[in-house]
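Scroll down for the structure; my scribbles are underneath it.
A, B, C and D are the chain letters, set down in written order, and residue numbers restart from 1 in every chain.
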Amino acid sequence: MKLAYYPGCSLKGTSFEYEVSLLKILEAMNIEIKEIPDWNCCGASAAHSINHNLSVALPARNLAIAEKDGYESVLAPCAACSNRLKNAAYELKNDDILKKKITDSLEMPYDSEMSINNMLEFLIGTVGKDKIKSMVKKPLSGLKVASYYGCLLVRPPKVMQFDDPENPVTMDELVALTGAEPVDYSFKTECCGAINSLSKPDVVMALTGNVLYDIKKHGADLVVVACPLCHSNLDVRQREIERKYDEKLGLPVLFITELLGLSFGIDPKDLAIDGHMVAADRVLKKIEGLANQR
Amino acid sequence: MSRIGVFVCWCGSNIAGTVDVEKVREEAAKIPGVVSALDYKYMCSDPGQNSLRNIIKEKNLTGIVLAACSPHMHENTFRKAAAKEGLNPYFVEIANIREQVSWVHEDKERATAKAVDLMKMMVEKVKRDRPIEDVRVPLNKKALVIGGGIAGIQAALDIANGGVEVILVEKEPSIGGRMIQLDETFPTLDCSSCIMTPKMVEANQHPNIKLYTYSEVEDISGYIGNFKVKIKKKARSVVEKDCTGCGECWNACPMHKNVKSEFNVNLSERTAIYVPFPQAVPLVPVLDRSVCLHFKKGGKCQKCYDACGPKCINFDLQDEIIEETVGAIVASTGYDLMDTSMYGEYGYGKYKDVISGLQFERLLSASGPTEGVIKRPSDGKTPQTIVFVQCVGSRDPEKGVPYCSKVCCMYTAKHAKLFAHKVHGSQSYVFYIDIRSTSKGYEEFVRGTMEQDGAIYLRGRVSKIYEDEGKLIVKGADTLSGNQVEIAADMVVLATGVIPKKGSDKLAQMLGISYDKYGFFTESHPKLRPAESSTAGIFLAGMAQGPRDIPESVVSGSAAASKILGLFSKNEYEVEGTIANVNEATCVACFYCQRVCAYNAISKKEIKDRSGKLIKVVANVNPGLCTGCGACVNACFSKSIDVKGFMDDQIYAEIKALAV
Amino acid sequence: MANTKTDEKLQKIAKDLLESGEVSLVIGYAKGSNLQRMRPVFITKAEDAGKLSFSPHAVQDLAVFLKKPEVKKFGKIGIVVKGCDEKAVNALIQEYQISRDNIKIIGMECNGVIRQNIADKGETNVSESAVYDKCLICEEHIPVLYDFLIESEEPKLVLSGNVKPYSGIEKLESMSAEEKNAFWAKEFDKCIKCYACRQACPLCYCSRCIVEKNMPQWIDTNSEETGNAQWNLIRAYHLSGRCIGCGECERACPVNIPLMLINEKMAKDVYNLFGYKSGLDINAKPVFGVFSESDFNDFIK
Amino acid sequence: MEDKDVKKEEHKAPKHGGDNSSDPRIIAFVCNWCTYSGADLAGTSRMKYSDNVRVIKLPCTGRIDPLFIVEAFKKGAKGVLVSGCHPGDCHYTSGNYHSRRKYATFRDLLGYLGVDLDRVEFSWVSASEGNKWVSIINEFTDKIKSLPGKSTDIFTKK
């Protein structure tokens, strides 16, 4: 399996837990990935609202490097990164004039149809359910887990070509593999407010609050995500939201890789679970308790 | 040797003003084989036709050329005139020197030269004309109607009342189709079963109608006048002629849970032996073997048999194949509703109280699962607030279909109205894109729903429906006020788009009729031949053609019927003789002709010697289906197929006549 | 040179087929009197299977025999085919000329066949410069369909890319109408209307060719310039979208008209227009038996 | 030299059906239902157009064999037009679709063998497009007249 790995900025910074846990479970599963050398920012959030060519050129450069190195598919764990990479690939495929412009400016050819995988696609498609299931050493049965998808993984559906955009289930399926119980709720794909986090925190708190309270209402013990931006809104803003709406949430927000890691029996510390704002101690205890019951 | 007569028409000054008609005549007389050349002021007039007929007789002509107006004008006139003198009407060719010469050119010398050319072409063509006899196809005066909804029933009744035998085939255990599932019908609010049931009974009792319910058309071959039909009568496990419809059997059936009623769109349960609804026609139950304990658990349970008075239940009945020969067919297979599960944001299937329009019809119906009391499927409570969402799937090229389903605006208005009538103090909201209410009384009806019955119409789409504390929260846009709205509803009714009945594409392939990309059968001509399919002898009716309401379905049923009665008013069906013809000696059976034929007119024919040994396979043209378009000729490498009236050697002769 | 292992395998298959009665005829290659030429052989008895052989000199497309009535009467037939020839078998099945049930395909992995003129000079090794152009563009070294496959013991064909197959096509495409006209006028002028191109073609199976139809006279039968051009055009037209590129017509032409330049050009254009390649799938509908509403329309006003 | 020829033509009454480019013979193969009717409409509307064209009527473009084009050239036509119903309008539902495939291929072949593709024209003209018929004929005639005097197709005797 020749798979290029595009970490993107978040995984090297604010969401280091995502990368740490990803590498950990890959190591456990004996799967090798290779970081794209000299990768650059995908341009997420900002580029496409300012300069269209730039928004294609930035991801295209990463794809071109991967292509040059002989890769046919790329793993981009960050939902925003995978979204931008997919968008660029889509535009290059469907617009020959743009492709010429971009490859000229990059001074690199890009011809192939690189297959770009977000984290969920990678786990379900490339790794496969059977493999994951076989890795589960510590089933999380009894744990109720809400999967939060956000917008970037599934939208726009024509470009993402991933799951049902209105009712995605891939992450729930992964949750079920760990033995935990997926919790159905109403705001799986509702926007968390994304980058308004810094400019309009009120908007973010309202939107993220909607999501979190709905999850709480449906009785989940924790939330899993596959997007650094979602994670930071749900995790970092949680305290503030609790204060603003005067109602306790206490919902740890984990990356899907962390949840898998836990079920694989990996030490939570190795998965960097202690790196989150909302402490997962209670959940971890519950997991231990469940394991001891058995 | 050819004896050709050439007649040059002046058309008053229409031709003679620009073309030197005498010169054309003179040139015609010089052509070998032309024995008579004449010019006359108006060839189409009685004296003109008479002189034409006289010369045919006098000179014993073998072919005539008229240098005159377009063949689309008077070809038939002159063919008839020639036929009266015993000349094969296809030995008449027209050189169009009016529309193609005198009316479009000004230089007389050049126009005349062109007229001479066109005349010469036709002389060369007519020399190579072979006699063509129109093909007469005998007609089996019996019709098959596929689909027993309102359109099919109407067609069957009209045909039967015209004195012609009809076979009506229905897939379901009862006829009635979609209409019998409806409650009251817009815009007059007469109850569907009240107006439908008598028609169903009439169809069942009509001496000219043979009814096959719980049956499907398995195979169709042949052509207009002579279709061979195989009908599979599925094993009903009940002997129809003995059954009294008393109901003892289904009352005795232990399987009264778990099996969802198709008729009530999953809102209630039925037994394994069942009639789909109390007014079913015929009132004979069907035993659903896929759920019956007798079949699933080794024949022990026979409670229905024990309960049956006339002992007409027979577990050993088998599927039966019935073969019929009919002369014409009506395809009226109706429609299905789109699967709305692709609208994940609306939660259909996830939230019990998000239902389809057809389900709401059943809730409204006095014979429905709630006996006409509107109750929520989740908890049986009567809803106080209902949100109706129109265009779910329709007019949505991204996720659904781009076309308008035509009936949803009206039935939604009806639903909101009936809801207001049945639940006092209730409130309904309708999300719509446009309101399409274009038939008689429709606009007034919708207005009434808004103004008298207080339904609030919101122009915009719904983005999401989710459950919150027992309420369905409907988020949508009101584009007229420019606001986002959220409505907490007790129930949501989705006006789902209509699509062709599942399997109608397969039926179309079996029938050899064309269908559009959605699967709706296409008309022979969308405006001028709306009742005919692309294949002779097969007619269309009802929603199988495209979205339409009840009156339109009835009209289309009657239209198909009148076409069939018209067809059957003669003993033979006449087809123009200009059809394809195979040279069996040189055909190598590559069947490219068959591939390009749009009419299924080409089949394989085995040529055998006297002992029955296969010598070769060749293409064979079915004269009842061939339209003479000539696509097959073009496809044939060895030129072993040709179309009469436009033979290759004729075209070559025309080209040669133009040689410079 | 013929490889004994390959030949043994081939002979065994043919012997078994004939012995079991699965086929009553095997068409294959046998060594010719001249070692650099293989000739077709028709085996009807299992004991004769030993005559069968295969080598890079097995140039002829044996599928051509499948259209012959004297071969057809055998009913079930086994045939030895290279990848290119096998496509002809597929096309014949697609066009109902033979039934898949009646044919056993003995597929030979082939790394190229040596041009006859070079072979006659003693060349026995497959190389870029020795093989036919069709071998250089071959994508079916292993036949796409077979009942038996005999893998090649020969070394793989190594392509440097220096030899450009069918380079004449691009050259012609870049010419003006007059230049093209002059080129082909000169070529067709040589034509003697012997119809060897037709006889050698596995897909020219009409029992009466259009050239033999005289009402109307589609093609001038005398060998003069307009009739020659007409014949060559109609032959190419009838094979457009059907030709599988075996090159037998060109090989058969006694006056060396470069017919493959026409055939390959048409195959290329049909592929560009309709995405269809002939002879790759027995279940595919031939390109001129179907249409798409969105077919190329730009040339029509 | 060219100039002289043209002048001579002007003095003389045009020789009809002449085989040089000043009075080229154009043969149009048209379908009965759309283009033939469209040409009729041009006539009933008394539109004027070039008189070089001769129309041969066939039931459908599906019946218009590409080989007719060759025969027309062989018999001295300087331009050949094939015209029928617009896609989707075929009276026989699909004749024009099948032919379009063949024409696209055949046209390539003609061009490759050295026929000046300016001499072959394809069009869709509906029964209501009398004006389109007129402009197609006029433009095509003008185009043929503008081509070099000598024909360059391989189907004419030199």
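Structural remarks
Just so it is clear, a contact is a pair of C-beta atoms (placed from the backbone, for glycine too) under 8 Å apart; a residue touches a chain by one contact, two chains touch by 3 or more.
As the structure is a computational prediction, the values presented were derived from the model and not from experiment.
Minimum number of contact steps separating subunit A from subunit C: 2.
A comparison of the C-D and B-C interfaces places the larger number of contacting C-beta pairs at C-D.
In terms of their C-alpha centroids, the spacing between subunit C and subunit D amounts to 37 Å. With each centre defined as the average position of its C-alpha atoms, the distance from subunit B to subunit C rounds to 46 Å.
The geometric centre of subunit B is 38 Å away from that of subunit D, both derived from CA atoms.
Subunit A and subunit B have Cα centroids separated by 51 Å.
Of all residues in subunit D, those that touch two or more other chains are 71, 94, 98, 102.
Residue positions 218, 288 of subunit C are each in touch with at least two other chains. Shown for subunit A are the residues in touch with two or more other chains, of which there are none.
Looking at the complex, you find that subunit D touches subunit C at residues 66-67, 70-71, 74, 87-88, 94, 97-98, 100-117, 121-124, 136, 152-158. Across the complex, subunit B meets subunit A through its residues 342-345, 350, 466-468, 473. For subunit B in complex with subunit D, the touching residues are 70-72, 96, 98-101, 103-107, 109-111, 113-114, 117-118, 121, 514, 534, 578, 596, 598-599, 627-631, 633-635, 643, 646, 648, 651-652, 654-656, 658-660. Those residues of subunit B whose C-beta lies close enough to touch subunit C in the complex are 585-586, 588-592, 595-596, 617, 635, 637-640, 648-649, 651-653.
Within the complex formed with subunit B, the subunit A residues making contact are 164-167, 184, 186-187, 214.
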